[in-house]
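Across the two complexes that follow, subunit A remains constant while its partner is subunit B and subsequently subunit C.
Presenting the complex of A and B:
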């Protein structure tokens, strides 16, 4: 028998997890919005950041939260390297080429990590790993809470950056109409690089946060690639608000469905939601029609 | 029959004669070469060629890039295995596996045709992950352990009815025969109305729609044909190896990525390109796995697959038109299959 307490419990942890999922998906959505490129290696940049956080914690004793800030910086650097080194060279090519380039990056990172660090599962246990916060009867995992707060802060920071700063406005202008933005003197190429760097940096941050409670394996990126894809479609392509709400919805839907079905199958629920959205409302909750 | 006449004309050209000679070599190869590993590797080449051709009908001709062909492959493999337990001959199992896979692909086309280029590809990638999760946790079909072929097949004498041979040669001919059939059928399709519609959709979806082509329907049809042959290839895998598990048949790296790399090496705007790509890529990968694989242990898999990524990166950045397109552009080769034109488009 499912009682209300269990539902409330699942909803709470779903919302917290959803915030973190949302940050991962925001990166994907931002890159798509500006560059019209899907970064297939998205989840695998996340994996790299999780490994960074793991190594910093295991060998230097650095807290994963500091690790997540370093993950953010590593994301900026990696984004710059991949964008400048590979993607910029194929920008005018047909979509298949850009898809294959980021897909190759996925293969190289994922299986390069497997070659370097082995296929085994790694976990790290900071002090708040098992800590529980009791809030009027609802028990909240400390790691989830900290992760959600950091993710929320990152989302708000991204929002302020996009709405208030000159660069942010230029970025949005490029995503709305590249030609018009260029006529106004915005260097679209620079905006492409910037959006890719920010997108990868966001997953870098999320990777550090996730490593506090999620296992680390080379293939972990696959699941987050899937989740962020579902979230972006649910929220509407390129809509950042939609993406954030989509993250919350998927987080809650997965946690609640885990009460009723074996927890390993909860991703299937997310995928079914995705199929339904595609059939019934292909523009997603807040977006334009898929391009 | 117009298609048959065209094939006849095609085969009388210079490239056609090379094709004929290659086909004869393929048929007599097992009679000359006794190396079982080699025959097995060639059987795999044909099996992957079947998938690569099917994959390329979607990618090269309809403009739908798929990273999830393992899904169709796995459906075919599981269908045949489950029917073996019911005492059905693998011949019917293979056909039904293909049809089931085709039906699934057709239905999948309804939501997936809403997704354009990048998102379609990402969707197929995600679909593969989902199928892996479902089948690895589905007890009734063996879960993560997979399924062995029924014991009595192992004990009964080898027969063409059960296809339970130990040596690879019969499977070599099985795969070769199906590949030949697929090649003929795809050639006929691509030189008829649906084939032109597929290519119209690839070139410009809006324009195709404006010309009165039912884009969703023809995307679904393309996916169904592709799914059918990939499902049949899954059946070949099942009868050859007699054992399937979700990590093998729904594997992104072992099934889904092979046709992508093979197709790109050979050239995606030609019918014959993916076969040439498979001929180059599959033996290389198989021999590397057999020779180097043992010495490096589990990490080898990482090196092996990462090298796939490097190969794919170099091809897609340097010669996205593939070997056939590269030869064509240098005038070294007249378009082998006339329907494969347009390699300089897009």
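Presenting the complex of A and C:
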């Protein structure tokens, strides 16, 4: 018989963590949905943003939440450089080419970070890391809670942008049918650039959030990148709501399964759930069936 | 041509040949010679999640090899200098194995030193066994490594089973001395070779010491969250928690423990993640009162002028405090140098590489350094009682049976102090943890 407190703690941790997983995956979902390319460097942009937060906090005393905003801006700039400098030149090539390009970017960023900053583990502790909210015995780190709220806000902001603004609607149109969008006067190339920039900017925001409670090493992006792929596919390509719910599902599945089975198997459970959902709905939770 | 002319020509040709022969021989004998080197492979995690440990091992290697070469190299081999050939495990056992094969077959090293992660040391030593090349391991501690019947593998450090026995002897003494009433324990470890075997050893020796084992929590190395794992431990409410983790996970664990309010009476760890400079720097007060086994600690310098001198030298050279990873690696290269001296009396690596490797293997197997000799060696800065490779358990071979550790505890100034055994202790252990 599992203690109710344990179940409550695991569920709470899973939901908060799931929100953070979701914001990490949002950018990947957007890029994938509009451009139909897999950005293998996604996790390493996250890593760069985490390092940015770390250095701003350590040397300038800037709160990592401000670091998140600067990470967002850094992501916009990096996204522009990478998209214009590399991705745009290979769009239209066989998929293997874009895969290799983004994989090369991954290697450059990761090993560049290793060379520049070394392999040492770094952490930062903003004041709210040490603040704990105790709700009937369930302990919630304020860093987790703030991170989850920022994730929710980012998802809502992106949703409003895509639904209510002309540019957002143009992005969605491009993702649905590039030719039709172009016939309507939408510059698809600009939409691709914009989606890539926003995608990397979102993961830049996520990096600042993650750095408030997770350690920073050059390899940190790898794990979150893999999770992001799973979440995006689970939620359905290009579906923001699907990505958000996918993040929550994976987060909760991981934490709750760990209390019933050896925690070393919790990833396996999350992936089994992922496969089961895909078997029932191959396009993902909110993905559209291909016609 | 007249006969006189032919005779002159012949004499001239003979003279040219003689001059060329003498001149060529003189040049060959007097030419500047490149000093002979003896190549030794060094396989560490130079990249990957554990690259920080690899960096420390690299420092220690450069330091030790520099000393050996400056002191005249391997004298039995004409003063040949050791040349280190680097290999990178990338924290991946299959890559580690490939690197070992490369170093042995392509680079023709006489020996391999490595590889930090027990999972990587396992595959490296398997490759060395296959190619009949000695493998000297400075610091992987999975007990299983010396239980495989390998003939070419030698481990200098103690292993986790020995350390666990030492931990439980210490905890039992502490429990009795202070009347703590400790009865139960839990274990938490990462899921590679090292973590699994260390966890098993903690459980075996903990039960043997009379404590009740409540729960074992094994997690995947590099997990994004340890919330549920620590929640399970909190729910079980053990008196003692025994941990086996690498640095990133150790930091995450301590933060999670703080977050969830998990407060056992004693926390003891299997070195590695809990003693690295990054850990000490990053956890701050959350790491206070946690104990760990070690084979080297800074306060040994307060009881040993020899250790102080070496620790100061290392800090001046590399800017970081000397710790167990670097200390054991440094010592391993000096031990290897002794074995190379002996092997050099029996075989020549440049004429018969396989023969030399066999001679080196024999030299390691027969090497013995007594406690008194160890105390006198200027480079012997770990807490071993000397060196002798053999076995302490049935079926064990290649294990330095004189390798013991110490137990350290982080006090509220952020520093680890030695608390056990008494001959090295600089402070009394604080228990239970004053949460």
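A few remarks follow.
Everything below uses one rule, namely that the second predicted complex is superposed on the first by the 265 of 291 C-alpha atoms of A that agree within 3 Å, B and C clash if a C-alpha of one lies under 4 Å from a C-alpha of the other, contacts with A are read in each partner's own complex, and residues count from 1 in each chain.
Just so we're on the same page, contacts are C-beta pairs under 8 Å (C-beta built on N, C-alpha and C of every residue); 3 or more make two chains touch, one makes a residue touch a chain.
These figures come from a predicted structure and were not determined experimentally.
If you put the two complexes together on subunit A, you find that subunit B and subunit C bump into each other. Contact with both subunit B and subunit C is seen for A:264 once the two complexes are overlaid on the shared chain. Of the two partner chains placed around the shared chain by superposition, neither subunit B nor subunit C is touched by A:152.
Of the two partner chains placed by the overlay, only subunit B lies in contact with A:278; subunit C stays clear of it. Residue contacts after overlaying the shared chain place A:223 against subunit B and subunit C alike.
After overlaying the two complexes on the shared chain, residue contacts for A:90 are found with subunit B alone; subunit C is out of touch.
Contacts of A:256 after superposition: subunit C is touched, whereas subunit B is not reached. By the touch criterion defined above, A:10 lies against subunit C but remains apart from subunit B after alignment on the C-alpha atoms of chain A. Once chain A of one complex is fitted onto chain A of the other, the partner contacts of A:104 are limited to subunit B, with no touch recorded for subunit C. Look at A:112: by the touch rule set out above, it reaches subunit B but stays clear of subunit C.
For the superposition on chain A, the stretches of subunit C under consideration are 1-9, 91-99, 199-207 or 325-333; the one running into subunit B is 91-99. Residues 111, 114, 118-119, 218, 223, 262, 264, 267 of subunit A touch subunit B in one complex and subunit C in the other. Partner subunit B is touched in their complex by these residues of subunit A: 32, 36-38, 40, 86, 89-90, 93-101, 103-108, 110-116, 118-119, 218, 222-223, 225-226, 229-230, 233, 237, 262, 264-265, 267-268, 271, 275, 278-279, 282, 290-291. Residues of subunit A touching subunit C in their complex: 3, 5-6, 9-10, 13-14, 17, 21, 111, 114, 118-123, 125, 129-130, 132, 134, 139, 141, 144, 213-215, 217-219, 223-224, 227, 254-256, 258-259, 262-264, 266-267. By the touch criterion given at the top, residues 59, 65, 67, 110-112, 114-119, 121-123, 125-127, 129-130, 133-134, 137, 252-253, 257, 260, 264, 268, 298-306, 308-310, 312-313, 316-317, 320, 346 of subunit B touch subunit A in their complex. For subunit C in complex with subunit A, the residues that touch the partner chain are 47-52, 54-55, 191, 217-220, 222-225, 227-229, 231-232, 235, 247-248, 251-252, 255, 258-261, 276-279, 282-284.
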